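Inspection log for the structure reproduced underneath, given as structure tokens.
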Amino acid sequence: MEKLKVAILGATGAVGQRFIQLLKNHPWFQVAEVVASNRSAGQPYGEVVNWVLDGDAPEKVKHLTVKPLDAQLDSLLVFSALPKEAAEVREMTLAAAGHVVCTNASTNRMIEDIPLLLPEANADHIRLIDIQREKRGWSTGAIVANSNCTAMPVVMALAPLRRFNIKRILVVSAQAVSGAGYPGVPSLDIIDNIIPYVSGDEQKLETETLRMLGNLNGNQIEWLPAVTSASCNRVSVVDGHLVNVSVDLDAGPALDEIIDAWTSFRAPEPVLQLPTAPQPSLHYLPQVDRPQSRRDRNAGNGMATSIGRLRECPLLGYKFVALSHNTIRGAAGCSILNAELLAHQGYLANFQPAADDKLSV
Amino acid sequence: MEKLKVAILGATGAVGQRFIQLLKNHPWFQVAEVVASNRSAGQPYGEVVNWVLDGDAPEKVKHLTVKPLDAQLDSLLVFSALPKEAAEVREMTLAAAGHVVCTNASTNRMIEDIPLLLPEANADHIRLIDIQREKRGWSTGAIVANSNCTAMPVVMALAPLRRFNIKRILVVSAQAVSGAGYPGVPSLDIIDNIIPYVSGDEQKLETETLRMLGNLNGNQIEWLPAVTSASCNRVSVVDGHLVNVSVDLDAGPALDEIIDAWTSFRAPEPVLQLPTAPQPSLHYLPQVDRPQSRRDRNAGNGMATSIGRLRECPLLGYKFVALSHNTIRGAAGCSILNAELLAHQGYLANFQPAADDKLSV
Amino acid sequence: MEKLKVAILGATGAVGQRFIQLLKNHPWFQVAEVVASNRSAGQPYGEVVNWVLDGDAPEKVKHLTVKPLDAQLDSLLVFSALPKEAAEVREMTLAAAGHVVCTNASTNRMIEDIPLLLPEANADHIRLIDIQREKRGWSTGAIVANSNCTAMPVVMALAPLRRFNIKRILVVSAQAVSGAGYPGVPSLDIIDNIIPYVSGDEQKLETETLRMLGNLNGNQIEWLPAVTSASCNRVSVVDGHLVNVSVDLDAGPALDEIIDAWTSFRAPEPVLQLPTAPQPSLHYLPQVDRPQSRRDRNAGNGMATSIGRLRECPLLGYKFVALSHNTIRGAAGCSILNAELLAHQGYLANFQPAADDKLSV
Amino acid sequence: MEKLKVAILGATGAVGQRFIQLLKNHPWFQVAEVVASNRSAGQPYGEVVNWVLDGDAPEKVKHLTVKPLDAQLDSLLVFSALPKEAAEVREMTLAAAGHVVCTNASTNRMIEDIPLLLPEANADHIRLIDIQREKRGWSTGAIVANSNCTAMPVVMALAPLRRFNIKRILVVSAQAVSGAGYPGVPSLDIIDNIIPYVSGDEQKLETETLRMLGNLNGNQIEWLPAVTSASCNRVSVVDGHLVNVSVDLDAGPALDEIIDAWTSFRAPEPVLQLPTAPQPSLHYLPQVDRPQSRRDRNAGNGMATSIGRLRECPLLGYKFVALSHNTIRGAAGCSILNAELLAHQGYLANFQPAADDKLSV
């Protein structure tokens, strides 16, 4: 089977690099176009990228010539790691021109007909694409967003608890520096320090969480009717966003029932079969001091969410700790999983993925 | 004026060292006896201590001979940095023998007739000593405790808000490694990592906070009738415990009124006059990203509490961030301030402190 | 083919855990016995180990019952991660009892008939086992040592330069905290800090380097006749020992010749074919600021050595930077590679490894 | 006595802030003008500065209006924390206009008639100003430079050893992130990492060291006739540059003689009397594992150099470790000490400092 050629927007940034790294041996997709700022355009990717991940960029991609932001693209599927402003300009245009854009940018996350997709939690939101295409008159084009990286561990942990009727959610985060991109957080600001502030993330966490946990009802998403409060902190960790969550569950389950909801959680068909989907999606860790950012962020190749320390909260009923890798599960990896779901569900024009591929890492 | 000679129990540990460092130029007190495990006893302090603070131990103290744990002490005033088990054995015995023990240990914090003293917040709790002495038949002896180091920034920030009728308190901490003593937290556990667990601290935070914020009513402390929930995390920071606090204030003040309560807060007389008392006790920082552990822990020579980011909490009404230096304000410094208050109030036998001393650092 | 059962001595320590992790999917060897202090003996490994590596211990090993240090072992092949004192007692006894001991301990490194084996650099030193067995009257038993973890990147980088006649070697190290085991370096000692001292390592580096780079001449190793000077530092890095090396090469090669010696270096047959051998063994990185501890330690699954920044040294002629993963290449991984070489060369009794196995990670 | 008003060039940068912090209570000098990029000009300093040091900017300075880079200045004395390019444009112009410029920039360090001043080591180099003024036709104006921050601990440690005839110097540094200014080193580059490269510093270290240790002979500095080799590394430390030094001393002193040279070292008159001069200048630490970056950088208020671990070097004869605070002793503090020497020696027009001022911190 021939692989589907894909383009990476913002290919030289930290998340752009993560896309390229994760797609290195992807069974369905192959990086064919790399797009970056006009400053880099026209040069080989390997010469302009300051590779900030471990090791080095894949040899094949290093030889691709960087295209400018406004270049016409050949690839049907486009992954976007653009900053917000650039995303505003390009993503709609590309979708209108027939491309399927899977984006990490916050620009389009709250637009009514754009799914904020987290396949394990809300695979059915993908149906918004039909509405999107009809409303906008697009045939092959589409935009699918993924959420803020700190919302991911919250939504992954709460998705199986919807059956208990979630009423109130309080989140305090400890976020890795890679969430701010590169150069991002100056080292003088974070060595031996905590910054109790991450611009914009509290508001995103308080809204995107509810939209992702909502139900598709006819043509629109009904948000989860819960109240949320988020406090965001930056800590001296390379990768991995950890959240302390207190939650009010109206059904009042026993702690065991909650743990059981997590350990028995299975992503809906066909998500589990997708190459990038971790198995299991959730790890409930029995140790008293887990999850921990460094030791658990790579669970399920960085795509699984680790949960621990479930106990009673005197105020909201329940509290626990959750953790996801912020640039894999929380960014590039989620976009890739979204694209795999699109492929499987026939939204990538006539591209037909092979059946039994699983990502070998 | 001759200084009062004092003894340090647990003098070789991290908090014991902080006592010695803070008392180096103290106008009233002078370290005359250092007590440590029997392994160190009989040797010069300078030869057995592994000084973990900056620089070196004070020359004078280095020449003191370490006394064993069960030594009879000459000093009326005793500062205890003993671990819990050793504290259980020694502190009561010393108080019964006529010594005034100012302790950091958790052993005696919740005993009804022992004040859990934080002078800026509850100076009047010192009257429990009269009850203590009467009940136990002690004349010069006494025990005064200070709280868990993570409770300090919470109580310091909430003390001026009692007027607004505190109903619910939710705290998520980010605690420095020095809070675990020495050797304490292994570096393999904390570099590029967070440990979402600090043994015992959540329970202490949920109870000690309410006792400290309570009222002395006749012979006993009436706890603050509020509900608390605490989640404790260890982070890669040397010193400084930072807390994200959400609080429900029944009076529903405007945000400005709360900030005004903090900035106009003055410790009660005579606390403000004590050598170790910071002026002001509280710093409200207007920047959007403060307080920060490294940059604000030394405010007021490590004795002030820094507060910032007051904003509405969709769940509890109000949220903010507070920070105190955990081994100064949160441990040794608070014990010293407690002892100063005892001296001023005439609880140290016939020791009379000079009037206008202020600690020169 | 049935795998060879192996025992791990010191299985609960940091290096012991690394052995277990690296052997998880090993094509030839299978962990069958775990040996630890008597305190842990008799209990399931999973219940006594405080797993300090990422994720969790392999399920199969968690169910093994820990054996006491003096237990009689069934496994022919024994990997030792014992501390020095325990190693002194056990390793010789086990070898005399017919076991082949591949050890990380420093105890036996400098004994004349024990090879200090680094297969890429001195595979022929393995012939010392014949001498060892004859001299000691052992038939199946043997001891093979690997060097101090900081000597590894030095020897790996210098091995291909022996042709240029090495005369003087000056090394300044920056060593990761995992090199001190667990709990090892207290976090209070290393956050925002450097400790310019690692007990014993300078002396080891100055001697083991020369023995490893020496020639087997008849019955003994002739040390490389060079002068060495080492300065060892501990830094705030989890894994990866980085060395700044200045070297005097008598032949005076051009810089290009040295780089060529590195990039064309191939481990001698049959080392390259062994399951754990990286290909290539050495990476010369062209970037001006590499190798870096975090970004390059996992090259070749942690078994490759990365080199960079070759330039002229006004004093010794040449200088460069090298890096190896200290608990993989520098400890457990090297022992496993040594054992693979022993297997291939017929030193593991009648165990015959399959031909074309390569470690899948 | 009225204080001398001074201007700070590059006042909003990391070193500019350190100038302002160190001058807060200076007995002779008072910050009257703050100069920064044109973007900040015209606004109150307190509103444009992103204060990266602990606490907050001094209140008085916060109210100063920032002047643009090309502003005419009222202050005779000007401290420059300008980046190299801006320094090239402004410093000469200001000196020609009659200002005395004490600069941290590398621009003018190697110009023959500009002293590279480190008062404890080469106070007599100040006489170059006479030559400078004569040659350039300046009356009150002058330029005095201080060296690269990593050269400072090397020169401070070697200055007392000149009597032993220094022949060869090999330095490997471990440099704090504050040496790169703000935002400087991205946190993604340095958490759990080392970067074995600091742009330009090796070359500066190899040359400036020799110029500073040289002799003023008639109209020019005769460099120390020694050979130097430097390797520079960036580590995860906030402040403090630590160097591992090997040195060849032709006189072959005993180790004790070297330690004695350090402990008996006294800065020449009148340096010792200057407000910012530490007493002593050098601390020889007897512990086996000192100096350490965090624990020793603040010795002598950040102006003293700590030395330790003197031992034999098999290659060069002697080796040791030295440490200085890079933004105090290595930058702003040294400039201020230089200015104090200028004041004392009558180079600041008719400004006469009071006799017995000592900086109270």
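Order as written gives the chain letters A, B, C and D; numbering starts at 1 within each chain.
Keep this in mind: a residue touches a chain if its C-beta (ideal position, glycine included) is under 8 Å from a C-beta of that chain, and two chains touch if they have at least 3 such contacts.
It should be emphasised that the depicted structure is a prediction, and the values quoted were computed from it without experimental measurement.
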item	value
Of A-D and B-D, whichever chain pair has more C-beta contact pairs	A-D
Taking each chain's C-alpha mean as its centre, the one farthest from subunit D	A
Intercentroid distance (Cα basis), subunit D paired with subunit A, Å	48
Distance from subunit B to subunit A - Cα centre to Cα centre, in angstrom	43
Whole-Å gap separating subunit B and subunit D, where each centre is the average of the chain's CA atoms	39
Contacts with 2+ other chains: residues of subunit B	189, 191-192, 236-238, 294-295
Contact set on subunit A toward subunit C in their complex	53-55, 191-192, 238, 294-296, 298-299
Residues of subunit A that touch subunit D when the two form their complex	14, 52, 177-178, 182-192, 236-238
Touching residues on subunit B, where the partner in the complex is subunit A	168, 170, 172, 174, 189, 191-197, 206, 227-229, 231, 233, 235-238, 242, 244, 246, 288-295, 308-309, 313-316, 319, 321
